[in-house]
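A, B, C and D label the chains in the order they appear, each numbered from 1.
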Amino acid sequence: MKALSEKLLGGKQGAIALAILAMVLFVIFPLWLDSFRLSMLGKYVTYAFVSVSLVLLWGNGGILSLGQGIFFGLGGYCMAMFLKLEASDPVSTKIQTTPGIPDFMDWNQITALPWFWEPFKSLPLTLILILLIPTLLAFIIGFAMFKRRVGGVYFSIITQAIALILSILIVGQQGYTGGVNGITDLKTLLGWDIRTETAKYVLYYVNVCLLILSIMLARYIITSKFGMLLLAMRDKEERVRFSGYDVSDYKIFVFCVAAMISAIGGAMFTLQVGFMSPSFVGIVPSIEMVICAAVGGRMSLIGAVYGTLLVNFGKTMFSETYPELWLFLMGGLFIAVVMFFPDGLAGVYDKYSKNFKLGELLAKFNKNTVKRIGDML
Amino acid sequence: MSNTDFVLAIEDLTVSFDGFKAVDGLNMYIDHNELHVVIGPNGAGKTTVLDLICGKTKSSSGSIKFKNRELTKMPEHQIVRAGVGRKFQTPSIYENLTVYQNLEVSYPAGRSVWGSLTFKRTDEVIERVNKIAAEVLLTDLLQTEAALLSHGQKQWLEIGMLLMQDPELLMLDEPVAGMSAKERDQTADLLKRICQNRSMLVIEHDMEFVKQIAHKVTVLHQGKILAAGTMDKIQANEKVIEVYLGH
Amino acid sequence: MRESKPKLSNKLSLSTLIFLALGLTLGLGNAMAEDYPTAKVNTTGLAVTDTTVTVGILHSATGTMAISETGSIQAEKMAIAQINAAGGVLGRKIEVIQEDGASDWPTFAEKSKKLLENDKVAAVMGCWTSASRKAVLPVFEKDNGLLFYPTFYEGLEQSKNVFYTGQEATQQILAGLDWITKEKKAKTFYLIGSDYIWPRTSMKIARKHIEQYLKGKVVGEEYVALGDTQFGSVINKIKLKKPDIIYAAVVGGSNVAWFKQLNAAGLNAKKQTMLTISVTEDEVLGIGGENLEGFYSAMKYFQSLKNPNNEAFVAEFKKNYGDTAVIGDVTQAAYLGPWLWKAGVEKAGSFDVDKVVAALPGYEFKAAPEGYVKVDPNHHLWSKLRIGQWRKDGQADVVYESELIAPDPFPKGYQ
Amino acid sequence: MFGYTMDEIGNIVVMQGFSGLSLFSVLLLMALGLAIIFGQMGVINMAHGEFMAVGAYTTVLMSKLAVKYDLVHTYFVFAIIAAFIFAFVIGYLIEFLMIRHLYHRPLDTLLATWGLSLVMQQIFRSTFGAKEVSAELPEWLLGSFQPTPDIDIPINGVFVMGLAIIVTASVYLYIYRSRGGLRIRATMQNRTMASAVGINTKKVDRMTFALGCGIAGVAGASFTTIASTGPTTGSLYIVDSFMVVVFGGATSLIGTIASAFSIAQAQSILQFFMSSSMGKVSTLLVIVMILMMRPEGLFASKLRK
């Protein structure tokens, strides 16, 4: 049991960092942010799932997916489909030509619920599909590409193209998907109004719990022999292959796990924000998520979470005060991180922490981060 | 004669790249516990032969049998699991991992995805890592990051990683290239030691070294065998002297 | 068919004139803050003080939609400045909090929440795309906010918390199709639009109208992916079908490519009649007047409209934003927002959203640059449809003007 | 047949054939610069589209000048040259400031150039405004050419096609028939060896990258005749460009040409028979599927590693 907990928490150092993160997200932010900023934070936390998945996939595995938005979006759409069906009961849709189906279907002359919407009438089935559909798609993509040894930039470009295809498809098939507007006007989850203040808090905490669990899952993978092999593969793929490992299996697996973690983020996004739209599936959000992970540190699970929160708070703050400067800042930040701090915030922290006592500095660093964010708001 | 007692039997092996035959109708056999050295001028197809055996390159025709199992259609990792280990020309180790981790990753358990997730560092694993580390003279450096090793030590580490898998056929591509004279002698000793209970196929340029270790030598030239036999016989072969040794 | 109002002398300063006109219609001289104690006019905790009232502006200042939304921001700010110059609302100066939706729908939702929950704004002028409106709608409904939405859109929506100052689809489509069918004796139509909800809904309505009421024939219906710039194959399909009318709703970068390639393929206005519902003066800048010359647009407003209200409006707009500034349909509709809100507040004698919402329907705004508009109980505006024929200089000649058209966001028989 | 006369169908086949060729030249121009940068250097330039926008904006600026000095009839040729020079110079600087530090990290060049593309987009927006702009085009580029009364061949299409042929031929001649091109190929195949024989490989890198950017600039300039120019114009082209290059097998110029041709024909035909957006999706989908099965692209030769 001891070994297991060690692996989930990543040793003493990892446990402290995780505890501080949990503290910040569970206690400090909720006490100190008003409900408006907190629900914004909740949204960023859902992006952090994708960053965590990218640390696993890209930082450790060296596989740069420019299509994580696909999985985030699919998870989000699955959740949204369930909520939309619940919001489209025959009573509240009685002005429609066909009551009982989502409003956008009715506008598109669809008179019966399409078959692939049927499973989303049930919550347990929906929850399963949130995990299953993105994972399955990742498996298919991964199987096709990794078994044929497509890697590096080719993988990035192809995932990017798939993200584009999926977003055009969703926009084009608006009768089934809600088109460019997405699936909107989501109200209740099994009768529980997700728009109320209390609901926002509850969802926020669920969200943070799931994030911490995802980090622990990722940590377990990274600290196991699997994680060591991932690093080994990133450096010397041939050597791993000629040590008797089927490299593609490992890549497929880690791609699937990354997809699943992203999908959880997407589903939580839908619950917190109240809608899902194709603008989270395409190329731009997918790359922005990579930016977040890079800023936080592509090798550090915790760092990537902080990076995501910082980048997004920065984005909000800058676009509030200096909308003109935002793209300069974002682009500049990205160039700077890639060129000068390839390990991101976490790398900078590691560099300076060696001279100090770890625990103290960790605490100080986190306090500073919190303070910095506080100052920004 | 497809069913043999040989560890490795290569027959009529040919591979061509855009019409150029890098290996052309090769026949070669390796016995149990034999240390077989392949020599030949640059471009003779030596490395390509190793690539073909371990599955890195797919043959155009011919067969490679390892303990009577056909290798040409098998994926790389299956070939390794069957008992063929291969060291690359330039040391191919995981620079970001420690020597210990390099060796442990090569331990032949937990090779499936699930296996690697549930792999436990048992006493048996630790014992084996220590034993191999001693064999390749790296006991004192177990916790060192592999990137910090000297060139010779990197070569040994890679050999150690292969020994972790305990292969029945061990293939080494220029194991002493870039080594000092002392390291070279140590390596020769190492190879003689580890040749117990396994066969080895070594590519080497260094004739002194070859003399030290070889049981049998094959000379490749333009993808074909020019001569084969003991070192003494090879050194006396006029064709060989002409294309290779004479220069 | 010109504006029915009598023409006044141009010697009078036009902006003075519009203030006078407004002053007369609204009786704004009477509205002094003392007459309306804050406690009375604001019972729901909005950001209203004895001297000020805060409203929000929520558009994309950055991102892909900034192109379109900039004009709306300018018009709204100008209207607010004019209202303030004329004494404000219930004697209170309007203060503006502007938020950037950054062309990102959750950001819109987030910012609308901030405006309503943190800033407690009395009203929000904002949104442009349907997607952004759909994203903020639940927030406005939950927090009981008030949104003035300027864009012509697909309809199929009617919220207590939103006033739609642009046209819903039937207002823009039906009269235009009637006119062009009669004018050109058209029988066959080719429908083409960008692939998203507004063009698709519009084309659905257009098709029904053409087939059921005009007894015409739709010979092709085509949607192009947003941002696609290659129209070669589409144009060939049109050439094969030889429609009397092309009915187009292509948007964004695709729109420019569409017109350029159409002209290059020989389908200019001399050979082909086209009526579009997605080209305003704003788009012309990118498309180029030479590519549009002779084609028709159906809008409720054109910058070239001849009436005193509009002349004053255009002059003021150019004074504020430069001589090269152009005013499109949505910009004008955005300009109506603050004025309608002011009228609602003054009619209700309160800033409370419920009271404003109750007071506004039935209100007639006679000083609108587009002429006369009336607020319908369904929160949309009664307005006229105009057909403009584009000139090379990027302005349109208004060649047709309909009667006032009632808004009908859920058109029976068109769904 | 289908209610059309043979004549009508014949005309459409001719025009459809032309629009396929026209799309081919557009894709080829888009991809050519990228093929040099990605194919020869292995650098992923995500700001490629923005370099095209540099060319487009240069043309717009030149057209403003031309209108002022009454040179609308002739300026376009100079605009294309200016677009090349501008994009070339900017590319040269970017290589020096950014790319050269990242040659050993291909995935990171991808990310850094994405950052660059954001910055460039904002520069366009701040300088030229968020609205789309258009260049004043000379009369001779407008309208269509009619071999028969019922066939219209767009002149801008012919122009883009001509330009694509000229640029492709020049690139081919430069890379495969000139000393400079020899240096490029030598450097890309074996850097150490090339520098050992006295080639300044750093300079070669810089020139190659700048050349790719310059060609992107030419592409951008020529696209002002068929499409729009705005701050985000470049992002519309980037995926298409990469698809062409990757599908063609990255390292081979012939591959890029063949890939642009097949993608263009497929897309043009599919868009004729299906709805335009579905045609586009289907094309992309087919490319992705083929790439999954044949990752090395259409024209990669089997190499001895």
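What we mean here is this: a residue touches a chain if its C-beta (ideal position, glycine included) is under 8 Å from a C-beta of that chain, and two chains touch if they have at least 3 such contacts.
What you see is a predicted model, and the numbers here were worked out from it, not measured in a lab.
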Fewest touching-chain hops separating chain B from chain C
2
Which chain, with its centre taken as the mean C-alpha position, is closest to the global C-alpha centre?
A
Furthest chain, CA centroid comparison against chain B:
C
Quick check: more C-beta contact pairs in A-C or C-D?
C-D
Suppose each chain is reduced to the average of its Cα coordinates; what separation in Å results between chain C and chain D?
38
The distance between the C-alpha centres of chain A and chain B, rounded to whole Å, is 44
Using Cα averages as centroids, what's the distance between chain B and chain D in whole Å?
47
So which bits of chain B are touching at least two other chains?
none
Two or more other chains in contact with one residue: find those residues in chain A.
168, 171-172, 324, 326-327
When you check chain C against every other chain, which residues touch at least two of them?
195, 223, 225
Which part of chain D faces chain A closely enough to touch in the complex?
42, 44, 98, 101-102, 105-108, 110-112, 114-122, 125-126, 235, 239, 242-243, 246, 277-278, 280-281, 284-285, 287-288, 291-293, 295
Interfacial residue positions of chain B with respect to chain A in the complex:
54, 56, 75-77, 80-81, 85-86, 88, 92-97, 101, 104-106, 108, 110-113, 116-120, 158, 161, 165
Can you name the residues of chain A that touch chain B in the complex?
3, 220-221, 224-226, 228-229, 231-232, 235-236, 238-247, 249-250, 253
Hey, which residues of chain C end up touching chain A in the complex?
61-62, 99-100, 102, 104-107, 109-110, 113-114, 117-118, 129-131, 134-135, 137-138, 142, 156, 195-197, 200-201, 204, 223, 225-226, 410, 415
In the complex of these two chains, what residues of chain C are touching chain D?
64, 66-67, 70, 195, 222-225, 227-237, 239-240, 253, 255-257, 260-261, 263-268, 282-283, 285-288, 290
